[in-house]
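Here come two complexes built around chain A, the first alongside chain B, the second alongside chain C.
Then we have the complex of A and B:
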């Protein structure tokens, strides 16, 4: 009994002292597997600069409905396209698109039944304008 | 700056049992400190003091009655893109400034049902679009570890408020979200644990979507134990989110001992990328060495498509955003402009007033990539490269059990340096090491390991195959115990 207690005590003490041991950030014991030099991308960093046409701007404004300051917006868009165009340097022949990481799982479909109700107030609560607390309102 | 206890959730919970700490007193004290310290840090979009004190009272009663719930009295914060019933949920955007959800996000609901107490909603880049926690209508949050609050460090993003709320001791845990690194990036800069689960293990119901195919709720805590406890509380299938994994979730227990002899850790060489600072590289190098010393087999491996991740991400993000954000039209909820001339004019003006320029530019670019003539060239192409990024992981995990990499390339940048770059380039640099995991859906955890010469946290990231959470948490815990980063909080 005594020996066991003593053993426990020793274990406890080693535990406590190992807790206090300060991690040595300097010493490296093995030949490192972490690359010490910057690894360059193996793909060409080549990009293409595309000029956006007036027609395209008009179309995008109509689709986006966000009213951007045009000159600035076009520059940011052209930069974004240039940034994105780097993927064109990657060969994707015979590669299938990955739409979702759950592609091998069957997703749940619920029955087409009403599962709640009587929450009209909740549904309408966050609308700025409603008609008699019954309808959402769009401009006439 | 004073801070809350560095106790773990379990230790604090025991103190509640022993009646040496009362949840209500702790909550009241914490709020008085939050109100003082938050002036400097700007962590919250809303505080829920009355709610919290009431809930703390209920916790105290349950504890007295011997009916304690697992998280009774535990203070938590929630990123302001999770719906919280009767508490405004703004996404840090004018668009949702007036939005008060009528239901709870599932992950928050589970926390609340387990007894956790909400202290407030935390700041983010508008709709989660950023990596600095600076593009918010509430202003930028400041890093807890900043040397000078007048010339602050960023806390990273987009879940910067969540990370700071934990670092500053305003709460024990915070819910963040992670689309390209938004939980792990601020966790890394703020010296806290940040966890991104396997896609589908945590419900997204009530998390206002950014990029559905990559969004996951994330968890931020001071310690690995706390992180695991929160994860075990909120994980599992949800009827309200069809993208949760249907298999019942069994709570994870840490391995009693890691079988180092049979642990293979991969070092993907591409993560030594341009911009990686020498201090982070040194920490990464030392940690690999330390694991080897403990018996692990360390392998340098190549994951060649890593570098393409951020480009793929930029395309998919902007495409999904342009589609997702069509819901904001001013009619059903959110901001509504004062223009009744036509429906289209109302939509346009509402959106023009409601979104910041980062959001608008992403919608604009997304619509460009999705134009019929561009769809294959950009969107479909990006999805194909996404497959290659994901395949890099599948191939790696045939040979190794875990990957060890940096989380961010440096310690937290100064705010005034960071804002010199465009939002897109900020994200490209900041998300380099975190974004690939989102492409593949795999779990990942970041842990602070040491302080830099600037006395700022440096963190490392572990990634594993889907559902490898037990090994991830156990290895993270081993590293945490060895480096004892928490002692840096005691010294402050």
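Then we have the complex of A and C:
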């Protein structure tokens, strides 16, 4: 199930990058701050394009449960790496890493009370296979 | 196929182990032993997962429980249903802070959560929420006693440093059906709060590791942050083991996963050290792998799960803000207050041992044994607190030697021992006033195991009370000396055969069914035979 979804996702991304527009952007009804046109890279330095070996692809597939059999998919992956690699050109010396823009806010805590659970039916409802409505049966 | 190979390997190791011990046995006869196994030094580091005692899970309001109806204690978050957000349980943070304080760790005012990704069917969201970059607590240390049950070597203290303590989610449980080739998943455990305690590799052998786990259990019991029921998986130990020759860099380590008992920790590590020695002596190479301790065959077996280097793709957990703690003690806000937790810390095991040594003048070994068993310690406290005049030494002697023996004889755990502290206290009073001899006290103890009568009543009913009255002792002595055999022995004694006194005493002992105060008998005999 999960694998199928991720496959779809990859296909979707492949569609987008091959500029087969499946969304009508003009349909957006409200003002948005999201740029409607692709923003050109503001990095001047060139980044080297990284080639991915077959072994690396195999490892990535295993780690992420994504099927990279299609050539386009590998291209998308390489494009993404190239895009992200540009960040290496930025001088970050003496800059504290920022993990969230909400760093100064405090995590809200919950009292230790049982407020959830006992919803076995709901929990099992999405499962493809179950064992007499007790256990999930893991996909092979 | 692999199973068979593993089994054979295990057999081989076992055989080698046996050979090794034989060779070691011969060591005294030859100047150069064939196996220079003793030149190796072993280095051990532990990682301990402790389930936090709480009502609900770490990030969801589902019940934290063991052995409930399958998949009944699961919230949508625990099942990895998209769109659910984690909300951190305050009690778990408090438990983490309390544990960190008990291990003198440096508490981080701000800590953060991360996602650790891996795909396994008992981890429905595909990641575990843990603390990797900025854990709840860092550097700490613990000093604990090492007392080896098998040999009677003197106990010693060992120091271990703590690298960090982090909060994280437990995973679900998978049950593998080998016949149908399916995995059954129960998510009741998914999301149960865990503290992971990472220790520096400061230990040298299995016994030290077992002693560390034992001390941790005592600490957890006193601060009540973990149930420590190892049989339920509430406390799980992973051990990293490596060996190297002195002066050389550390060897490649193997990791033994999920050891489920204190003795298992000692045995698994001892086995793994020996296995690595045999591999190295045989010219082999230790590979960095995960192994599993099999408590039945008493061997470690390789697990085939980490063939490729894992990449957990850690990333900051975007759904949780940084966790702030209140360090200054102001009672104004909702944050977990570190200072007030510090104040609420109970006396820890080391404090209890110090009390026994300093206040009650008990030996270090006795103090360690008493504190190592909370039930014994409770008995001791109850008995001494209800009468401070009782001799601490006598109390501990009765508890460690006689009470434990009686429990063993009746095949009962000390926890379930029916004898009350009040009964034991009275028994000790009777021993101190010489109303009872130690031998008869053992009979009284056995009797108290089956009925709740006071030792006074039991001793009177069975006519077990010690004869300590001087007049009565004189009477009995005179009677024995006056008998035919007695008179013969008297003559021998007077002829200079002083050892005959013991024979006379023995006769008196038998005559009174071992009930007489022998010290007084000896004095009386000497007086009568002057």
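We adopt the following convention: the second predicted complex is superposed on the first by the 89 of 140 C-alpha atoms of A that agree within 3 Å, B and C clash if a C-alpha of one lies under 4 Å from a C-alpha of the other, contacts with A are read in each partner's own complex, and residues count from 1 in each chain.
Here is the rule we use: contacts are C-beta pairs under 8 Å (C-beta built on N, C-alpha and C of every residue); 3 or more make two chains touch, one makes a residue touch a chain.
If you're wondering where the values come from, they're calculated on a predicted model, not measured in any experiment.
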item: Superposed model, chain A: greater residue contact from chain B or chain C; value: B
item: Partner chain(s) touched by A:135 [first = chain B, second = chain C, both, neither]; value: second
item: Partner chain in contact with A:120 - chain B first, chain C second, else both or neither; value: second
item: Chain B versus chain C as contact partner of A:35, first or second or both or neither; value: first
item: Which of chain B and chain C A:110 touches, first, second, both or neither; value: both
item: Chain C-contacting residues of chain A that also contact chain B; value: 59, 63-65, 99-100, 102, 105-110, 119, 122, 126, 136-140
item: Contact footprint of chain A on chain B as seen in their complex; value: 98-100, 102-103, 199-200, 213, 237, 239, 242-246, 267, 269-270, 272-274, 276, 281-286, 288-290, 292-293, 298-300, 304-305, 307-308, 311-312, 314-315, 318, 322, 330-336, 339-349, 351-352, 355, 357, 359-361, 363-365, 367-369, 371, 377-378, 380-388, 390, 422, 424, 428, 439-441, 450, 481-484
item: Partner chain A, residues of chain C touching it in the complex; value: 54-56, 60-63, 69-77, 79, 81, 87-93, 112, 117-119, 121-122, 126, 133, 174-175, 181-187, 308, 310-311, 313, 316, 318, 320-324, 334-336
item: Chain A to chain B touching residues, read off their complex; value: 19, 22-23, 25-26, 28-30, 32-43, 52, 56, 59-60, 63-68, 73, 76-77, 79-81, 83-84, 86-88, 90, 92, 95-102, 105-110, 119, 122, 125-129, 136-140
item: Of all residues in chain A, those that touch chain C in their complex; value: 2, 59, 62-65, 99-100, 102-103, 105-120, 122-124, 126, 131, 134-140
